[in-house]
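Questions regarding the structure given below will be posed in turn.
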Amino acid sequence: MTTTLAEGVVDASGAASAAWLLLALPALGAAVLLIGGRRTDKWGHLLGSGTVIAAFALAVVTFFGTDFAQQHNLHLWDWISVNQLVIDFGLRIDALSITFVLLITGVGSLIHIYSIGYMNHELRDRRRFFAYLNLFVSAMLLLVLGNSFVTLYFGWEGVGLASYLLIGWYQGKDFAATAAKKAFLMNRVGDVGLALAIFLMFKNFGSTQYTEVFAAVGDAPTGLIVAIGLLLLLGACGKSGQFPLQAWLPDAMAGPTPVSALIHAATMVTAGVYLIARSSPIYSLPQAADARLVVMIIGAVTILIGCVIGCAYDDFKKVLAYSTVSQIGYMILAVGLGPAGYAFGILHLITHGFFKAGLFLGAGSVMHAMNDEGDIRRLGGLWKKMPITFWTWTLGYLALIGFPFLSGFFSKDEIINAALGQEGPRGWIFGGVALLGAGLTAFYMTRLLILVFLGKARWTGLKSADGKDYHPHESPTTMTVPMIILAVGSVAGGFILSMVLPDFLVPAIGEVQETHGALSHTMVGILAVAISAIGAGIAYLIFGRSEQPVERPQRVTFAVRAARADLFGNHLNEALFARPGTWLTRALVYVDNRGVDGLVNGIAAGLGGSSGRLRRTQTGFVRSYALSMLGGSILVVAALLVVRFA
Amino acid sequence: MSVMSSALFLAQGGGPLAPAPAPEFSIDPPALTAVWPVLIVLGAACVGVLFEAFLPRHQRWPAQVILSLLALAGAGVALATYLTDAPAGGETAIFDALVVDRPALFLWGTLLALALGSVLLIADRSVEPGGAFVATAAIRPGTVQDRAQVTATGMQTEVFPLTLFALGGMMIFCASNDLLTMFIALEVLSLPLYLMCGLARRRRLLSQEAAVKYFLLGAFASAFFLYGVALLYGYAGSVRLSEISAATAGSDRSDTLLFAGMGLLVVGLLFKASVGPFHTWTPDVYQGAPTPITAFMAACTKVAAFGGILRVLQVAFESTSWEWRGVLWGVAIVSMVIGAILGLTQTDVKRMIAYSSVAHAGFLLIGAIALTEKGLSATLFYLLTYGFTTLAAFGVVSLVRDGSGEATHLSQWAGLAKRSPLVAGVFTFILLALAGIPLTSGFVGKFVVFEAAIDDGMAPLVVVALIASAVAAFFYLRVIVLMYFSEPAADGPTVTVPGAFTTAAITLGVLVTLLLGLAPSFALDWAAGGVFAGR
Amino acid sequence: MTSSSNSWLLAALLLLPLVGAAVVTGLRGNDRVAKLTALGFSLAEFALAIGAWIAYAPDGARIQQHFSFDWIPAFGVHISFGVDGIALVMIAVIGLLVPLVIGAGWAEKLPEGRTAGGFFALILLEQALTVGVFAATDVFLFYVLFEIMLIPMYFLIGSYGGARRQYAAVKFFLYSFLGGLIMLASVIALYVMSADELGGQGTFDWATLVQTVSDAPLSTQIWLFLGFFIAFAIKAPLVPLHTWLPDATAEAPIGVAVLLVGILDKVGTFGFLRYLLPLFPAASEALTPLVLVLAVAGVIYGSLLAVGQSDMKRFVAYVSIAHFGFIALGIFAFSSQAMTGSVTYMVNHSIATGMLILVIGMVIARGGSSRIADYGGMAKLTPLLAGTLLIAGLASLSLPGTSSFISEFLVLVGSYPNAPVYTIIATVGMVFAALYVLWLYQRIMQGPLRGAALVGATGGAAPATVEGGGGVAVATEPETKKILDLNSREKWVLAPLVLLIVGLGLYPKPVLATVQPSVDATMCAAGQTDPVQSAERQLQCP
Amino acid sequence: MTPTYYLLLSALLFTIGAVGVLVRRNAIVVFMCIELMLNAVNLTLVTFARLNGDLHGQVMGFFVMVVAAAEVVVGLAIILSIFRTRRTASVDDSNLLKY
């Protein structure tokens, strides 16, 4: 049984009909590496990288060989089919998904190659690492290619699993295991939202296929649409580390750096943005206005949270992680704007994918060189030791802070512009937040740049945690090449993409709605650059001109302390969920043992006890037996007479 | 005072005393074909007494055993022969004192078969050299002679005729057509039992104590029974069951007589059936009596007593069931609860089975107060199944022994499965049957009784019964746990390899238990063969 | 004696394990031969089950491969067996699990004086009885087998179990027995009602009963419903009637725990579908809130308690309790999606939880303790074992791509339209599922190597080196116990399960197509229609 | 003179006997109390026979007497054996079997 296709959706043909290979190749790679075990140690990394590169090649072929004016549906097999509920295992190849596919396989390929070098001191387990990466790529592709909310959910949890496995890569370390578990759990909270949204869709539209749901939502009541919109947003918050589910993402940096680059910067964490963009037929509805507002609020709050905390952290990767949080906040804010922002959200997502992946790979390169040292206070002056890393990183840095005509400039600029273009005070509030965020971003990124690469080399004379001296060196070619490619992308990507992407995406997410705020587009650009420059300047004034201590200053203002403590987000989680949960669990174990089971055992004991007491009435004296007989007889006779005469 | 008491007893008619009419007195040649089984059993008992008088000591045992077995076989043959052309509605015999109807025949058959098993147990001399009975009852316990008789091989062979007398009494008891016959039968079945209880070879103090208790309480209960008979005679002017039934429809005497009489009568019957709260003698006597006698009592007395209860309730009191059924509901509940709860903490196997029998009496009573054909046939079937299972149970108990005789304390049964898997397996099966696990006769018995009860609108009582079964299941399980899951005690008892007689008895019980669990249809059909004559 | 086509298959399915049990009992003297024989019989049984599945026509009659002959004519009792799609998949699962259980128990250290022959004979006997329970089409016969199957299990727990096995075995037995007895009252009442309805002779035939008594007045139905329900709720088990399961699971040998949780417990939920809904449609609907509350309470309560357990085997028991909540929810949400989900849940739970128990058994076999605190960082020593534990765990938390996802998703999506509040609460249970699985995994497999089961007494949990200024005081190096990764026998035991978990997760159609017609028929018999349906995709009543 | 008095007398005697069974320790006396109960019943039977105007009750009385005699034989034998063993006929001393 197949589902009906809506207008503008055709059965896949040509290159698009081979799209299943996109998923199958990395999946096969993962399967071979996991099942093959030690036998594949020698060539596992090559297979792992090869499958993803092949998938990328196939994606390119598909991209050029397919007419993206239409949406292509590829039915693979009947997956779940029970009466009204019919779920294909099927793919949808359209402008939106192919964009993501290119990003995932492209950045994925680079990071696979990078990992060959990065993981070379863990040869024994390297093929397992590649298996997990392949698994991730496969799941991520399923997420973006699936043609129903359930296949999306499949990929959604699949990437969650890969993320769990990779965050917990150093499973001998408790903090890694805990971080992995935390990531999975907070994602699951979001997944509940996604799942509930799917249940609502099935109940009200009788289907979970994109085509059927989107065809049916048009005249759905406001309450329903808002509910679905908010539930999808909950899912997006979980996966994309948005407020209030952002806490897992910094912890996820416990994983190896390529993982942070691929999963926790470039691709997986942007799945929430994809979800909202994919659901644009729902969010674009006039009934969904309230839901969109909440999306925007979440995005704006997250921008600020990410930026503020990012300013205070001393951990290289965690600063980048909070940067990711806030940048995804921009994307969420953008897609929350509706038709005015979908395309710019995606645009920022792509450019961010490039420069943030590059930044992480640079961070990885530094840590690779510095015995995994991630404390920026113990770094410094590395630009001379690692020139390629330094320059590629700096390009990524410039792209991120929106340096004119680099990629971040185009994408972020558009978002700020669209936000300012909102009606009334909303425009000022969201636009203002976006601008403020840009300034803060420039501040903390400049701080990072100065502390890591510039200034004095504070690591001389120190020893790493495992007691070795630091001998920074430039990374091998397998690592530098991907960094260079990504840097090139960061520089050039924005300009090209901002030209073509919005139009390309039209068949999938609709026309871009022009906005006209109080400020002209050019003015917004200038303003943004100016604010970024101020942020960077302040950072230089604070960190660039004086020597920073190796030890973290403890006498700091409340604001810094709050930021260092993730704005007390973890404390809140701890106080609201973890500790009461622990108590509740302990209480329930007690109740189950003493209460429920105690009742059962109590009944048994009561019976036994009464038995023990009652048997004492069997005294062995014949006269007391006679008494009980006489008593019984009198009772029987009396009862008979009472029944008869009463 | 006089007015009041007069009102009490003679409310509806205290007229002047009428002169007694001359009774008709004629003797028809008694129709004996129907009662041959009873006559054979009682005749053999008399012959057995003569054997005791005239045979030399060493010949008595074989002669008695052969005589008893022949008598039982003969009675069985006579019963089978009569069955082929027995009138469907039953017939009366011996001046209408006995009524031989289908339920009576079923009960007789059951009694004969159970008695056969019991006699086999009684006759066994392999488990305890010389048999389970004292060599000479007159020897005082604790004396030199007593210690000598423990190892002697002789036994008091009067046990065999006593058994046959008791059996004859039981057969008459459940076929009595009037209450006087029933009273006489009650005494005929009881008096030998009192004696036999005191004849254990070992632990004679306990045995004698059991006898004294059983005797005193039995006589006490007989008095109640008899007073009930007298009051009913006063109410109905007759002790014939059918005439009491007729009188309940339209007697001019006070119902006080009826219900007081009935109550006392029923108490006497419930005592024999060891229904709680009239069960107090049961654990003590079961524990103290020689195990073969306990088996005989537990199996046959229960059958006879419930045969009597069924007949009395169904024939004489059916039309007043509305008044008394609630009371017997209560009695049944008390019995089930006492049996189930007190059984939980017993430490002696025989006492435990005694309490089990109290609980089972409660279940049986449920069937007995379902005054339908189904209730009758279900109770009869239950009696059949219970009799054989409990017979086998005591048979097995007699096998587990240590230096001082039977090892009945439960702690001595720990790890029995390791010492003797077969005995443990058989006993487990028996316990499961007592607990009412499917594929044993115990389950089918419970099922048919509960089915009849629900059909007769007693669903709540059935639920109580089911819960009581679940509670009771614990103490059966406890024994299984001990036998299988516990480590055997270092100086634990040994399991005697039984001789042919005990083996045959246990096999009989177990096979019937299994057969009636797997394919109960034929026995269900027999039990449903007909109703009491005179209903 | 009547029979339909292919009934020989079912008859063979019932008899083969019995014969096997008898043969293996005879071979108790030689452990190795007994094991091989038992394995052979169980594999043959599995092949037969597959054959029966192939022979089953989903679109054919409701009950297939049916045969029947008189047992107790006086009460209209027949020995009557047949399968519908639901029973069939359960029988297939039994066929699958028993060889694996035998394989897993191959090297089981039995208590002194017990033979492997006796152990495996009891397992085969239990298999025959459970097949019978699922295949019985006579209510009396069902009841008989329902009770009888307690006995081999009682001995399996009591004779071969852990330290508190006596307590656990008796508790298991009494709980179930009590439930069964209460059900007996309802069974008898059904017969009495059918006798009234049919004029004289009643019947126990399931199909006839469904036709004759299902329109009884509501009050009657409710009493009878409760009789059955308590028995099934104890078996399933639903909170608060669950406390026997943790004890039984914890004390039973691993293979027996698999049978207990994987098969025996399913009889309860199977009973919901086969007996409660069709026989008492009105009561089922009236009492739905009661069942749903218990179901959802089970989901949350079981999950939270699973989090709080300190013993692995008890952990699995509470996980199962949570899962049974889902199954019950799906059954009483009255939609074909949810109900199909529940049936597949029964299958997938057997596979996934079965695997979880087997893997935990392998962990325990290595560490010699079932206390979670005795482990830590084991993945370093046994990566493959860790991987299988994770797979089993992920299947338990219903990750998409595992078979459990299909069922849990179907249950939830199908329950939502009729029971939104309950479904939302149950969906929250998904988070707890992730918590209890991952936390267990973390405590056993992740982190630094620690725990009395893995690290020798010399070093214990103390750190290997103590830093003290310049001089480093080196504590005695903790001696890691010699712990090997999965051997080939264990791989063979787990591989089919992994394959099924993933295979049925991606392509569940064979199971769905087999059970759905029977589920539809159950829905129709319960007088229910799908809450979400359209003209072209709706429930088909026969 | 109505038969009621006889009935009341017999009921009283029966009660005295029953209470005697409960309060007396000596087995012989207990047994005699039971005999008293039986004879009280006999009185009832005879009264009712008189009341009904037939002989059945009186005949039954004879039967009861015979039975009572038989009971005496058995009972005394048992009590005697106990007495020989324990040198006491107190029923309270026979309580090895209990609980």
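Per-chain residue numbering starts at 1, and chain names A, B, C and D are given in the order in which the chains are listed.
Going forward, a residue touches a chain if its C-beta (ideal position, glycine included) is under 8 Å from a C-beta of that chain, and two chains touch if they have at least 3 such contacts.
Not measured: the values here are computed from a predicted model.
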| remark: Ranking chains by how close their C-alpha centroid sits to the total C-alpha centroid puts first chain C
| message | Using mean CA coordinates as chain centres, what's the gap between subunit B and subunit C in Å? | response | 46
| query | How many angstrom lie between the CA centroids of subunit A and subunit B, rounded to a whole number? | reply | 79
| query | Hey, how far is the Cα centre of subunit A from the one of subunit D, in Å? | reply | 95
| said: Quick check: how many Å separate the C-alpha centres of subunit A and subunit C? | reply: 35
| message | Two or more other chains touching the same residue: where does that happen in subunit B? | response | 212-213, 216, 220, 283-284, 474
| note | For subunit A, residue numbers touching 2 or more other chains are 615, 618, 620, 622, 626
| message | Which positions in subunit D are in touch with at least two other chains? | response | 18, 21, 30, 91, 94-98
| field | Which chain pairs touch, all of them | value | A-B, A-C, A-D, B-C, B-D
| Okay, in this complex, where on subunit A does subunit C touch? | 1, 34, 37, 77-86, 89, 150, 153-158, 161, 164, 168, 171-174, 176-178, 180-181, 184-185, 188-189, 191-192, 195-196, 198-200, 202-203, 206, 208, 581, 584-586, 588-589, 592, 596-597, 600
| task | Using the touch definition up top, name the residues of subunit A that touch subunit B in the complex. | result | 604, 607-608, 610-612, 614-615, 618, 620, 622, 624-626, 628-629, 631-633, 636-637, 639-641, 643-645
| Complex interface listing, subunit D residues touching subunit A | 18, 21-23, 25, 30, 91-92, 94-99
| Touching residues (chain side subunit B, partner subunit D) in the complex | 2, 5-6, 9-10, 14, 17-21, 23, 137-138, 140-142, 180, 183-184, 187, 191, 194-195, 198, 204-206, 208-213, 215-216, 219-220, 222-223, 226-227, 229-231, 233-234, 237-239, 283-285, 287-288
| request: Write out the stretch or stretches of subunit B touching subunit C in their complex. | output: 418, 432, 435, 437-439, 443-444, 447-448, 450-451, 454-455, 459, 462-463, 466-467, 469-470, 473-474, 477-478, 480-481, 484-486, 519-521, 524-525, 528
